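Got some structures for you, see below.
Each of the two complexes below includes subunit A, the first together with subunit B, the second together with subunit C.
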Partner chain A sequence: MVTVRIPTPLRTLTGGKSEVESSASDIQSLIESLNGQFPGLKDRVCDDKGEIRRFVNIYLNEEDIRFLKGKHTPVKDGDEVSIVPAIAGGAFHGRGPRLGARGIPCSVNARGRSGGFKGRP
Partner chain B sequence: MAKPAPMDTDKIKGLVCRECGKEYPAVSLHVCDMCFGPLEVQYNYKAIKPRLTRKAIEAGPKSLWRYVDLLPIAGDPTVGLDAGFTPLVRAKNLGDELGLDKLYIKNDTVNHPTLSFKDRVVSVALTRARELGYDTVACASTGNLANSVAAHAAAAKMQCYVFIPHDLEASKVLGNLVYRPNVVEVEGNYDDVNRLCSEIAGEHKWAFVNVNIRPYYAEGSKTLAYEVVEQLGWEAPDHIVVPMASGSLLTKIWKGLNEFHKLGLIDRMATKVDGAQAEGCAPIATAHKLGRDFFKPVKPATVAKSLAIGNPADGYYALKATAESGGAMDMVTDEEIIEGMTLLAQTEGIFAETAGGVTIGVLKKLVKQGIIKRTETTVALITGNGLKTQEAVMNAVGRPTRISPSLVHFQKTFGLGNHER
Partner chain C sequence: MDFTEQQIERYSRHIILPDVGGKGQKKLAAARVLVIGAGGLGSPAALYLAAAGVGTIGLVDGDVVDLSNLQRQILHTTANVGKPKVESGREMLAAINPDVAIKAYQTNINAENILGILTDYDLVLDGSDTFSTRYLVNDACFFAKKPLISGSIFRFEGQLTTLKPHDGFPCYRCLYAEPPPAGLVPNCQEAGVLGVLAGTIGVLQAAEAIKEIVGFGTSLAGSMLIYDALEMNFRKTRIPKDPECPLCSTRPRITDLSGDYAVSCGL
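== the complex of A and B ==
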């Protein structure tokens, strides 16, 4: 089995799970099979031509698959695959003080406290 | 606290994802929640065009705010009113040295108030942060940005946290402390600092100028391109050589030139935008050399600390902009950086920081390779001041000649005769 690490903003799709498993043989089929288990996941990771989105990094055992064989990179039992948005973290919490949480992934609800801001009530 | 102003919908449509095109309101947000692409400000050029004439701009303030119609703020500027509009120096001596007939130095070593181009982006970012209701500003920085955020926050009476790597030049550290912000030195390189700041931005509702305010902040860099064009008499140059850290500056130079062209402020736009990096941190220039549109992050090891970003946020767009413009990229060694700094100082009397040495070093290479031709109008962007990176040139500039306070000793030391009247 291949272990797949899911980033916070995609955990709404995996029922909150940060790690899932797959028996796929390459990255492309891994994404397809995850999409079967967690519908909608492929759309977030791939564009409408099925290419991995530019600001989504996928690492196979710490190596960016762009420097391997891209989506055709083979994976095998015991491998670790990580899906990591290229622009980190605060993205999903950094809304202005006045604005509601419109269409924000779960990470905000889990972590988006209002500590520190002393602006508007 | 002032009531947050709504966005001027006449000027700004909102934010848009550069990758998938999803639209967002003009809030403090920088990443698309669908595809993870970066967001950028979308202008209503149709509304802007009729009122934006050369004459109107020329009648504006002698600062970057003369281009306010193309900057993402709703009301009047409130922070950094004197930033920008720095000299465009005709660099005849350096041109002679390198073999260029029409070389210009855009001299942001004298930007107000903290002597780097960051005063541009920070003026825009803090004005917008205020409009969005923030009273605390912050940044991840390789030095110059922190200096500028700290200074502007002091003047704007905003709370301030600046995050820097632990190994910066002494003047860049002091250049924060003097304004009394919270200076946080992080044990790690810039990429570590940046990652930490993304996490902090998720926990605290602060205006991180280059995290959640980045779409607004980055637009400030366009003013360098606008000024160059205006100062050349409303002409776009043939080449602009731009130092690259995150790649944002180069991307915005290209955007600014294209905006001026689209808005009819210049008739001809055939500028090639050339990117410059240090060999010890050249992820973008390396990708360009390999013909790739993606890059491999690196662990920086260069004297040009202000450019030491191993995982450049706008690397992809910088590669794209240079390719679209037909420009080139190159890199220089630490030795060539120091040579570039001293050459600029000794030919033009401009003391640039290490990033300026990178720009001059790469300019020299591109001329030598025939990529920039003698007759082409060329502008080198010099973005920071050498007094902030003195460590870099300390061993390359010699020492003063010490003498006793004696005329004879002086004349003897310098081999000057005793001129009697």
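== the complex of A and C ==
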């Protein structure tokens, strides 16, 4: 079995589990089989074309699969696969959620008035 | 420069470390470190850098202290709610170590001001909270040839790496080619964070900075440390330099900061 490490943002899909197991033979089939167990996981990891999203890294043991064989990278018994999305938090501001209503985008233009790490609408 | 008796006493626990010594402590005294974001990560990082005797610390933040910051932003006190964070931070750092010159920039970092600010520093800590700032800081540090210690946190998880693309190591774009599109990662909205996680990652950023300045130990350049506070484990992954990197490869598409660093989030 392959151990798959699930990052915090995706644990809502795995019922809070930080580690799940898979018997898949490569990364692509691993994602498919996980999606069967935890519907919606594939959408978070892959784009519409089934390619791994550019802000999500998948590591086979310590190595980034982009520099191995991508989604065709084989996995074997005892391997550890980690899904690691980019996270941006650090200075978090303070007045609670910064977006008022659901669906209102907050555009941050580095050159504009609201540039910088504010990210306010 | 020579240390006074008081300074020798203050830094004695460093000076007796063979890897630091008087020489290393002098390097710290001569060092100029810019801390971007005086928040969750910048607070513990700046506190330890000041305590360690880093000669000049720049703090950049355009925000004021809010009561909800105090759960993790330990540069600030209840009495300073409503004050600019950089002023509150300056007070605290000066109280810890009057040897440190503190420069406060009460502004949000952007493509217009970043290169001018970076000129006065040797090393940068990124503790910002949006992807747009992270990519901007990465690109600017590459152009200005400044090592960048990048930390980020989300709920119970933290990531840490040292980026030195000008020295043959990968940059943030080698690690994450593109920022997430709207709605996929709740970076623009407070998703909640374990307060002490900010401390853990911020202090590790300070540790990397001190190692980088003094020149001992193994740098995180080329690796990323991932910390999971729920499982209480640390893992390290390798980050290769991306031969197709739009910034630091031999065929760059990004050659200045004129690009659009806009990131939108529609949560």
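What we mean here is this: the second predicted complex is superposed on the first by the 87 of 121 C-alpha atoms of A that agree within 3 Å, B and C clash if a C-alpha of one lies under 4 Å from a C-alpha of the other, contacts with A are read in each partner's own complex, and residues count from 1 in each chain.
The rule we apply is simple: a residue touches a chain if its C-beta (ideal position, glycine included) is under 8 Å from a C-beta of that chain, and two chains touch if they have at least 3 such contacts.
Since this is a predicted model, take the numbers as computed values, not measurements.
A.B. asks: After superposition on the shared chain, which partner residues are touched by A:S82: those of subunit B (first), subunit C (second), both, or neither?
C.D. replies: Only subunit C; A:S82 stays clear of subunit B.
A.B. asks: According to the contact criterion defined above, which of subunit B and subunit C contacts more residues of subunit A?
C.D. replies: The partner that reaches more residues of subunit A in the superposed model: C.
A.B. asks: Can A:K17 be said to touch subunit B (first), subunit C (second), both, or neither?
C.D. replies: neither
A.B. asks: Looking at A:K69 after the superposition, I want to know if it touches subunit B, subunit C, both of them or none. Which is it: first, second, both, neither?
C.D. replies: In the superposition, A:K69 contacts neither subunit B nor subunit C.
A.B. asks: Does subunit B (first) or subunit C (second) touch A:Y59, or do both, or does neither?
C.D. replies: second
A.B. asks: If you lay the two complexes on top of each other, which residues of subunit A touch subunit B in one and subunit C in the other?
C.D. replies: 9, 44, 53-55, 64, 66-67, 85-99, 103-105, 107, 111-112, 114-119
A.B. asks: Hey, which residues of subunit A end up touching subunit C in the complex?
C.D. replies: 5, 7-9, 18, 44, 53-55, 57, 59, 62-64, 66-67, 82, 84-99, 102-112, 114-119
A.B. asks: In the complex formed with subunit A, which residues of subunit B make contact?
C.D. replies: The touching residues are 1, 4, 19-20, 25, 27-38, 132-136, 194-195, 197-206, 208, 211-212, 294, 296, 313, 316.
A.B. asks: Enumerate the contact residues on subunit A facing subunit B in the complex.
C.D. replies: The touching residues are 9, 44, 47, 53-56, 64, 66-67, 85-99, 103-105, 107, 111-120.
A.B. asks: Quick one: in the complex, what on subunit C touches subunit A?
C.D. replies: On the subunit C side, the touching residues are 36-42, 61-63, 65-69, 72, 107-112, 126-134, 136, 151-157, 159, 175-180, 182, 184-191, 193, 198, 224, 226, 228, 230-231, 235-240, 242, 257, 260-267.
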